[in-house]
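Next up: the structures, one after another.
In the two complexes below, chain A is the common chain; its partner is chain B in one and chain C in the other.
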Partner chain A sequence: MIPLRFAVGQRVRVRAVFPPGHIRTPYYTRGCVGIIESLAGIDPNPEHLAYGHLGHPPVPLYRVRFHQPDLWPNYGGNLQDTVVVDIFEHWLEATAHA
Partner chain B sequence: MPDHFHAHPEQPDIEDTPFTEHQVMAQALEELLIAKGFFTADAMRKGLEGMSTASPADGARRVGRFGEAAAFEERVLHSVNDTAMELSLHVGQIPIHAVKNTPQVHHVIVCTLCSCYPTALLGGSPDWYKSRAYRSRVVREPRAVLEEFGTHLPADIEVRVHDSTAERRYVVIPMRPEGTEGMTEAELAACVTRDCMIGTALPQVPQP
Partner chain C sequence: MRRPHDVGGLEGGPIDTEEHTLEPWEKRVVVMRRLLAQQSPPVMTLDALRRGIEDLGADDYNRLSYYERWTASITNNLIHQGVISIDELSRKMEEVETRWRKERTS
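Moving on to the complex of A and B:
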């Protein structure tokens, strides 16, 4: 069993890095803070899979929920609105603050 | 000849444009896999046919069954793929996750990175779902986009957009509308359109 670095409800920041390659972490989430909504699964790493490798070792994939104003500072809707993005564990770091 | 002299623009056949590198690669791969006996041409055709005959009505059947059995709803939220088998639907290996609308939360589905969609359950995705406009706007101004679809949500409900960026697909289970008490599974399914299961529309009860 692959150990999980993050727990449901934990506050996490998406790493603000911009490597080349087949990346499944949307730009608009980089550097943003959200909370772990749930574990979506433990999946082959798409960044390796895309180049003919097997994607081993598999990586925990979390559903991370962001409040809209944390993604878009000028968000015009209800401030309770959210976006949930599937993000692989190696893109996340623990953070205490928003 | 009838008097038919105005020019018609020529509609190119698909073979009129040169094959792209990816078309050549896909064609070569297909021929190799068949030649080496991994699958037959007939199995491949059946697979393609299955994908293009999957339909939003299949997804709606599942929602319709909610009226019949609360236990079924619980199982759907646990695994769409497993419950599809109960309706004799084969929706493939890619996990499909159902999200259920409530009076507090309205869900909408998008894939901003490409156009991931629960094709095996709902059939091919609509063109607008693949457009840059929908993909870029629905994550940053979902309420404006929903308004353009004619979908008005109360200001106090949370709009929760799901960006399916990985090997997971999402489908929205709409709220059961008022006036559907006592409806059969088929009648309920008829209220649920494709867009309801993407989250850009709400189920409509047919007026008698």
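Moving on to the complex of A and C:
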């Protein structure tokens, strides 16, 4: 079992980096803060799989819940709206506050 | 930099909710993609398909239809893996085009 860096309920920030290549972290989440909702699985790394490799070692994949106003500067909907995005562990870093 | 496929949150215009009928060639592309992924080890994973689509560049990405993108990506992946050669492909394309022209005029 691979040790998990993040626990359910923990506040995390998506790394604000923009490398080239096949990436599963949506652009609109980069740099934003959310809460770990659950562990979705521990899966082969798509950033390796996409280039003909086996995706080893597998990477924990978390469901991260974001408040919509934290993602969109002029969010016009209900301020309580949230969205859950699957994000791989190496794209996340612990953060104390928003 | 935001890449052409990564459009979450951008204005996308109206959504076409009409049901689409798949053309026979499109069904063939779907099956071919599945077979390539089911080999052990896979000839081409779903991840590699997506990578190939994302690497088409903005012009081709926006110009091609959904399964045309798949076809372009599968083609590039198979060339890269050495499953088919460019020369082999060019000759087959020539053959198919010649046959198509003949059928059209007869």
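The working rule: the second predicted complex is superposed on the first by the 98 of 98 C-alpha atoms of A that agree within 3 Å, B and C clash if a C-alpha of one lies under 4 Å from a C-alpha of the other, contacts with A are read in each partner's own complex, and residues count from 1 in each chain.
In this text, a contact is a pair of C-beta atoms (placed from the backbone, for glycine too) under 8 Å apart; a residue touches a chain by one contact, two chains touch by 3 or more.
Every value quoted in this text rests on a predicted model; they were computed, and no experiment measured them.
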Partner chain in contact with A:Leu61 - chain B first, chain C second, else both or neither: first
Larger contact residue set on chain A - chain B or chain C: B
Which superposed partner A:Gln80 touches (first chain B, second chain C, both, neither): first
First, second, both or neither for A:Tyr28, with chain B first and chain C second: both
Which of chain B and chain C A:Phe18 touches, first, second, both or neither: second
Partner chain in contact with A:Tyr51 - chain B first, chain C second, else both or neither: second
Partner chain in contact with A:Trp72 - chain B first, chain C second, else both or neither: both
Shared chain A contacts, counted only where both chain B and chain C touch the same residue: 26, 28, 46, 71-72
Interface residues, chain A side, partner chain C - complex: 18, 21-22, 26-28, 46, 49-52, 54-55, 71-72
Residues of chain B touching chain A in the complex: 95, 97, 112-113, 139-144, 155-168
Touching residues (chain side chain A, partner chain B) in the complex: 24-26, 28, 40-41, 43-44, 46, 61, 65, 68, 71-72, 75-78, 80-88
Residue numbers on chain C that touch chain A, as the complex places them: 1-3, 6, 8-9, 41, 45, 47-48, 50-51, 54, 80-81
